[in-house]
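Across the two complexes that follow, chain A remains constant while its partner is chain B and subsequently chain C.
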Partner chain A sequence: MAPKKDPRAPIKKAEPAAAPAAAPAPAPAPAPAPKARPVDLSAVKVEFTADQMEDYREAFGLFDRVGDNKVAYNQIADIMRALGQNPTNKDVNKLLGSPSAEEMANKRVTFEGFLPMLQTIINSPNKAGYEDYVEGLRVFDKEGNGTVMGTELRIVLSTLGEKLNEAEIDALMAGQEDENGCINYEGETSDRDVSTFASCLVACI
Partner chain B sequence: MDCHNQEEHSRPQEEEDIMDIPLDDPEANRAAAKIQAGFRGHMTRKKMKPEDKAEGEERQEDRGQ
Partner chain C sequence: MSDADKYLYGDRSGMSNPLAQADWASKKQVWVPSERLGFEAGSVKEELGEECVVELSDSGKKVKINKDDIQKMNPPKFNKVEDMAELTCLNEASVLHNLKERYYSGLIYTYSGLFCVVVNPYKFLPIYSEEIINMYKGKKRHEMPPHIYAITDTAYRSMMQDVCFLCANLSSGESGAGKTENTKKVIQYLAYVASSFKSKKDQGSTALSHGELEKQLLQANPILEAFGNAKTVKNDNSSRFGKFIRINFDVNGYIVGANIETYLLEKSRAIRQAKEERSFHIFYYMLSGAGDKLRSELCLEDYSKYRFLSNGNVTIPGQQDKDMFSETMEAFQIMSIPEEERIGLLKVVSAVLQLGNMTFKKERHSDQASMPDDTAAQKVSHLLGINVTDFTRAILSPRIKVGRDYVQKAQTQEQAEFAVEALAKASYERMFRWLVMRINKALDKTKRQGASFIGILDIAGFEIFELNSFEQLCINYTNEKLQQLFNHTMFILEQEEYQREGIDWSFIDFGLDLQPCIDLIEKHSGPPGILSLLDEECWFPKATDKSFVEKVVQEQGTHPKFQKPKKLKDDADFCIIHYAGKVDYKADAWLMKNMDPLNECVATLLNQSTDKFTADLWRDVDRIVGLDKVAGMSDSMHGAFKSRKGMFRTVGQLYKEQLGNLMATLRNTNPNFVRCIIPNHEKKAGKLEPHLVLDQLRCNGVLEGIRICRQGFPNRIVFQEFRQRYEILTPNAIPKGFMDGKQACVLMIKALELDPNLYRIGQSKVFFRAGVLAHLEEERDMKITDVIICFQAWCRGYVARKAFAKRQQQLMAMKVIQRNLAAYLKLRNWQWWRLFTKVKPLLQVTRQEEEMVAKDEELQKVKERQLQAEEQLQQYETKQQQLNAEKLALQEQLQAETELCAEAEEMRARLASKKQELEEILHDFEARLEEEEDRVGQLHIPTSGASGQIWRERTAEAGDG
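So, the complex of A and B:
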């Protein structure tokens, strides 16, 4: 997910090893897409009520397994999810300045450092709600009849976007397919008294 | 609809009939990513619940009423 580029390295390629002038050095690797400018967290105005701060601090504390009042970069997405947000992994990576895998595991952030990150996600203009899930599923509704094939959705979710693994897909799909293997993603359910797929996704927010 | 890359996977014929997976389609990828993000959020919250519940209930009593 995170590009291999070391964020500390200058954007311009600066090979420390002396390159002989003559060699027409081909690009060492296909130039990665220019890294998005990291989000300027210091500019984010954090606006949470005291109650919210209490909730956030508590959730944050649950994730601190080391006891240093910090959490690792690779926990940030989950804390945000625990707090009702649905960031993509890409959103979080961008927030963290596209960290390397090593940084994801080892860099830690304080609660104060975490708050502007959370605020940014909360302020994010393209947050998905019920309608977005319906629209998202509609993309895969071949017949335009308000249902998607369970098998098709499984394939989509494991090959596109931020792929889910099999266990995750099983968990997601549990109880969603009707007797024809179809998922009704909007409107009335067939004869089950359960929420439609899309409302399941928003249910716990 | 563009065809999927056949050299990437050799899918059985019936799967090809079921769908052409739009691997490169940004809209499809965005749609998938949104669903996946929603799912991951949902699952994380679901997992947190048993842990949270004991404390959460107490606090709710303090705060709610």
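So, the complex of A and C:
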């Protein structure tokens, strides 16, 4: 359990950053988020606070596998997500000018180049809210009791829309299913178990 | 069980397959008419005004097609639906597709609104076992997958609920579609259900006799099949007659008897068969199965010797005629039909065959017929118990009434041959009728009428050949009537449903749609219908088939359902537009067929036969149309004719009457409709010819039913389901918290902004016009895809954050490891440190720590135990208190009781003393009474003594005086 709790914290904290950023006022919230890391102020970009900038750079650096201070196009979406955004693949593709698969793998971008992209995504956040997700999931709720079958959800997510691959689904579903293979997606959970799907959802929105 | 399940439930996973759903929504799939497949799936690529470009799914070809020819495809939600009335796009293509999909999955039963459609599987399916019967017993129709048992059970239940309710199961379909098989299944089910009741309730003596009745009921079928079925090109065991089986039940729902009525036996089969077809089974059974003794008794010969068996010995694969013979005879035994009657029947059968062997020749100088060889005639006479000479004379030169005299009139060869054939046909038909009558007698155990009945009508469906004759007119007329009944029933039911749901919608009675066509056929007068005209024509001298047609055209020429043939030299004489389509009729030999004439002399002979059985068959000779009448027509001898009017009835008249009775019965019932469909003409399993099936769907009214459905609001969804499925389309229409289903739906529909003419809201359901749901479904799909994409984006975010956090942790862990390693490297070679690590475990301090931990643990445990003990103590204390309180209460109670007891004791003592006193008083009184009585006694004696003394004194005085 322990390793689970930890990562959740930054997620939770990162979220509020997204919302205020939408209204361009700089957010004070992210401050506690990076407390795991020493703060080092350096370059400042107009719309982000220094804290945020540092955070972002740190994250950006983590994704740089080559060491040229750049990341590949196909990593951009993941960095944004790591930083608390929920862009669709379509959004990101549009942002990058609909690159080909090859470009996705080979083209690289600097941190300075990445920042305006992130800003764009933050400015037009995913409008769907918790209610929408619950409504959407309710469609697959055969019993109507606030749960969906894990297997069913797997199929849905891997066949519809922007299909998720096996690895993504495995990572997503780890520890979500109860003993009956169901996933609770709705409302408060009885034992306030932080690992339920519902609370993740709530947390994220 | 699982095997059977496969054939009942099937695999409907496709229904909720989101992939298929998405496919449907994105591609705009439609059905396009196709020569080969009936309809092909395709997706609309482009719309160009009236036309559309459609890409066919299978071939990828693009075709241009008129918009009107395109039929919408149903969303995959409706794949393999059990009730096709639920389909939102109700069209021929979808119905065919659904049937096909189900058939390929081994699901042969499908509902279509009121109908139960069944496609002949041409193989054995494990869905008729007792287990399955038990599964269906007492279940509602919608609870179980479609099955003939479900229909039967519905009929049975509704009959049970309302004592006077009558039910009918109507099956109709093309030959080989499985009508008779399904009828048998119905009987099997009823025999099982209605008797298993009994064995449970009273296992006494009655159970046995009832069991026998059910056995007989089931055995009636093989007998009827032996005599009334034959092998045709389409069907190895084709029923050549229609039947209506009435199973009577008593008030408790037990079978008490049955009655069978037959219609339209194809008697011409007895004398002539088409290529590769057989005559009635019994001929073959008898010829193969009869023993030597029976053979000589029945004068049987070899197959090839009989002219009436056109194709000699045709065998049916997988069936031994010989075995069938003994089976039939066994069935006779079970029906308790005695030996002599069986022989009688077989004699007639043999005689029919022999009649075919009578040959006639034209005499050299005259037109007269002669019979050079009379072996066959002798055999016939022997079999039927009549005199050979009389018989031959009656055939060759029958006595005919002319005016008032009888004359012998020589017959031509054709006339004689015709007479013999007519005789053969009539004999067979009479024998068949007698058989049915006999079976009815056997089945009608109780003389009283059952409280209610279930009727099973098994009759051929609509027939459209290239040229159609009188028989087709009869059968099509029947179907027209049945369809009218169906339409009417549907109309009533629909109206009831609409009323129940409080929906304002007035239907037109669809039953009336068919009335013009029925009038055209059966109307009595003003203007007379075809059957009436035919009868009328039969009375006219010099009438011919041609004059009949002329008359029909003259009387009915302007009827909307009537058409004269387009081309003058067409083969057809006239056309009738039935609901199933236009049918061309050829009026050849209709007058003859309608009158069905017979040689009167022979009939009279047979009536006087020495063979009791034969005489019985020909009891009612006077109803026959004499051959001479027909012949006389051309000789303008209608005088004799008229005198006989009313004595006999034409075939048309009889049939009309029979049908009228049947319809009257059916009209009072609660009908259930089963439609059987033949999937291919090759008797092959797993193959379905689209055009063949489409034609049948059209003919048996399934498509007609759908047409009617479309006029109203065919799609109904209960509020709950509607809300669950489509709430996503109207995210904010329904306020939070509980809301009444109806109200919620009203709000939702308002938010959907539907045209008010597209829906109605009832008491428990929302009603939609055809196709509206498909539209909603499409929107819902788009919406869901949107939400799913957002959700997926969130999922990706979640996963990425998780991965990111992990990476951050890894980074941190790395740093820790680095630090430690650095420290280790530094310490590794520092001797003091090494010493320290060696000594450390030996130190008291370290051990103390361990001990401390152990003690701590112990302490913890003891504390816990202590706590438990305390708790227990507390419990016991409270318990004790309780008990004390109870004890106190009991003591008080006891005290009170004791007091009460003392009081009572006192009272008792008082009463006892009182009683003592009173008894004493009583005693005193009794003593006094005794005393008084004594005294009275003493007083009496002195008195009488005194009076005697006085008397004596007086007399003495008198004597003195």
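To be clear about the criterion, the second predicted complex is superposed on the first by the 131 of 205 C-alpha atoms of A that agree within 3 Å, B and C clash if a C-alpha of one lies under 4 Å from a C-alpha of the other, contacts with A are read in each partner's own complex, and residues count from 1 in each chain.
The definition used in the following text is that a residue touches a chain if its C-beta (ideal position, glycine included) is under 8 Å from a C-beta of that chain, and two chains touch if they have at least 3 such contacts.
Quick caveat, the model's predicted, so the values are computed rather than measured.
> Just to be sure I read the superposition right, which of the two partners does A:149 touch: chain B = first, chain C = second, or both, or neither?
Touch partner of A:149: chain B, not chain C.
> Quick check for you: in the superposed arrangement, does A:168 touch first (chain B), second (chain C), both or neither?
Both partners, chain B and chain C.
> After lining up the shared chain so the two structures overlap, which partner does A:50 touch, if you call chain B first and chain C second: first, second, both or neither?
neither
> One more residue to check, A:131. First (chain B), second (chain C), both or neither?
second
> Taking the contacts chain A makes with chain B in one complex and with chain C in the other, which residues are shared?
59, 62, 77-78, 81-82, 84-91, 128, 132-133, 135-137, 139, 155-157, 159-164, 168, 171-172, 200-201, 204
> Please name which positions on chain B make contact with chain A in the complex.
15, 18-19, 21-23, 27-46, 48, 51-52, 55, 63
> Chain C touches which residues of chain A in the complex?
That would be residues 3, 6-8, 10-11, 14, 36, 59, 62, 77-78, 81-82, 84-91, 126-128, 131-133, 135-139, 144, 155-157, 159-164, 168, 171-172, 200-201, 204 of chain A.
> Could you list, by residue number, the parts of chain C that touch chain A in their complex?
It comes out as residues 18-19, 22, 724-725, 727-728, 731, 784-785, 787-809, 811-812.
> Along chain A, where are the residues that touch chain B in the complex?
Contacts found on chain A: 51, 58-59, 62, 77-78, 81-82, 84-91, 128, 132-133, 135-137, 139-140, 142, 149, 151-152, 155-157, 159-164, 168, 171-172, 200-205.
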